[in-house]
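Following are the structures in question.
In the two assemblies presented below, subunit A is common to both, partnered first by subunit B and then by subunit C.
So, the complex of A and B:
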């Protein structure tokens, strides 16, 4: 199934794009998609514990199951003001 | 000051607010609510600028401006409440002057101290609404905790480059800790000073915060409580995310462990596996070590800063792909602008088998301070 990842701020910088579509096995969780992304971009691992995931516009925990066509937003905290 | 004395009825300043009085949701009753309201703005920087300007113009009766910083030239690109001549002045004082110049009916409390655990709760207690316009994670957790412990709404905003976040944390709903349970490790999320920020984004996000603060005072509309907005100035999109209260939130969950404000210190970064070189020692080190080379991992757009001529440039984002261009038997001093990306790059090279590695502490910015041929940004 396909999942669209939305990257913001520092994550967007590290991934090098605001959006990307990934192919994942059916039933994959939000955490699984994040782990794949962090494996591809090792710099993400250092902010893993303070980054939140949102599925289709609502914050979810890592174990939330995804469906084909879901949008997974990856939200690091921003510090600036 | 009692409500009677603050009443606007019959006062000349009514004309000033006529465009508010024409809106049924505000009207005279709303304008009087604004005149009686007290708002604490923590941080008089990029976000604080529009917040202060619009709250003052709207006739908020009392505004506290808490900031211990002075105006720096690099602030002027987005902190439009300050004039060129304010550089070097205390922000709380300079901003207070602008607020009074804009609306002399506003009482202003310039507070030139840092919000800290010793004063946060007492300060927050003096106001009705608190605006988090700070620029550090420690301050954000402090504002959040003090607000929740004192049952005050926290109007949150933060920015990075083209992206901003806005929300409202009110008692009975999710708080900042529910959304971000812990701060990122030291140095892993760049500040505006490290990563940059689009000046106008501060205006966009701060204006959202001003709007939310005014709605909370007026008791009108639907606030951002329970919702987080992400303002994407690059693609001109605003996305909304539903937040939920964390039943295990240490501040207000079923078994709260935080009963008073404490300093929130981000976890230190993983210790460096390679030795560090002080910026002032770099020239000497490179001269004394014939095979040593400065490895500049800044991104190409950051390199307008200039670099020592002997440096080899491999941007951090290209390090994986271009590692074969480097010789693991050689000596490298890894450097970036401020020393955050280079930490990661040094670790990565070490993992890949490079052993003669050094890390430039404080980055090329610190090096430039002692080398006049480089501009300091």
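So, the complex of A and C:
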């Protein structure tokens, strides 16, 4: 299945793109997709622990199962205001 | 009542217009502006903001509705600017109208505190030295 990763702020800069589509096995979790990304971009490990994940606009834990076509937002600590 | 994320300068008057009714005896408005010294001691030239609008806008709306219920009869509008901002420019605006000032002050404070904690928006500090750094929100002082 295909999942679209949305990368923001420091994550976006390390990945070098605001979006990327990845092919993952059916039933893959949010944490699995994030781990794959962190493996590809080792600098992400610096901010991995403070990064939160959102599936289709709603915060999820790492064990949330994804579905084909989902958007997974990878979000470092917020800084609005 | 009105929630927006915009690249344009924030217009407080239009937020106030969106929330004020003839039943309201108080309007409280808050502006967050770009200041020269962040939490460090390096002078900043400006900030750039980015957002995840598909999540940020519903969250801003949820905060407004919560504040409205929590404090009773408050009407809120919240706007956040994104893009590049210079010193003195407003990054966030909250307008609250209520029958009495106590409710309006409380709802306004609640809204800005929650926004900083819950809304997916990020800021990058651009230092005068030429360096830049993403700056997460600290717990409220």
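The rule we apply is simple: the second predicted complex is superposed on the first by the 77 of 81 C-alpha atoms of A that agree within 3 Å, B and C clash if a C-alpha of one lies under 4 Å from a C-alpha of the other, contacts with A are read in each partner's own complex, and residues count from 1 in each chain.
Methods note: contacts are C-beta pairs under 8 Å (C-beta built on N, C-alpha and C of every residue); 3 or more make two chains touch, one makes a residue touch a chain.
This one's a predicted model, so the numbers in the text were calculated from it and none came from an experiment.
S.K.: Could you say whether A:77 touches subunit B, subunit C, both of them, or neither, answering first, second, both or neither?
M.R.: Once the two structures are laid over each other on A, A:77 reaches both partners.
S.K.: Counting only touches as set out at the top, which of subunit B and subunit C does A:65 meet: first, second, both, neither?
M.R.: After superposing on A, A:65 lies clear of both subunit B and subunit C.
S.K.: Could you say whether A:46 touches subunit B, subunit C, both of them, or neither, answering first, second, both or neither?
M.R.: First partner only, subunit B.
S.K.: Kindly classify A:10 by the partners it touches after superposition: subunit B alone (first), subunit C alone (second), both, or neither?
M.R.: both
S.K.: Any idea whether subunit B or subunit C touches more of subunit A?
M.R.: B
S.K.: Check subunit A for residues that touch subunit B in one structure and subunit C in the other, and list them.
M.R.: In subunit A, positions 6, 8-10, 12, 50, 54, 57-58, 73, 75-81 sit in both the subunit B and subunit C interfaces.
S.K.: For subunit A, which residues are in contact with subunit C within the complex?
M.R.: 6, 8-10, 12, 50, 54, 57-58, 73, 75-81
S.K.: Any idea which subunit A residues touch subunit B in the complex?
M.R.: 6, 8-10, 12-14, 16, 18, 42-43, 46-47, 49-52, 54, 57-59, 73, 75-81
S.K.: Any idea which subunit C residues touch subunit A in the complex?
M.R.: Touch residues, subunit C against subunit A: 32, 49-52, 54-56, 58, 80, 91-92, 112, 115-124, 134-137.
S.K.: What residues on subunit B touch subunit A, complex-wise?
M.R.: Those residues of subunit B that touch subunit A are 43, 45-48, 132-137, 140, 157-161, 163-165, 179-185, 188-192, 195, 197, 202, 228, 230, 232, 234-235, 239-244, 269-270, 316-317, 344, 348.
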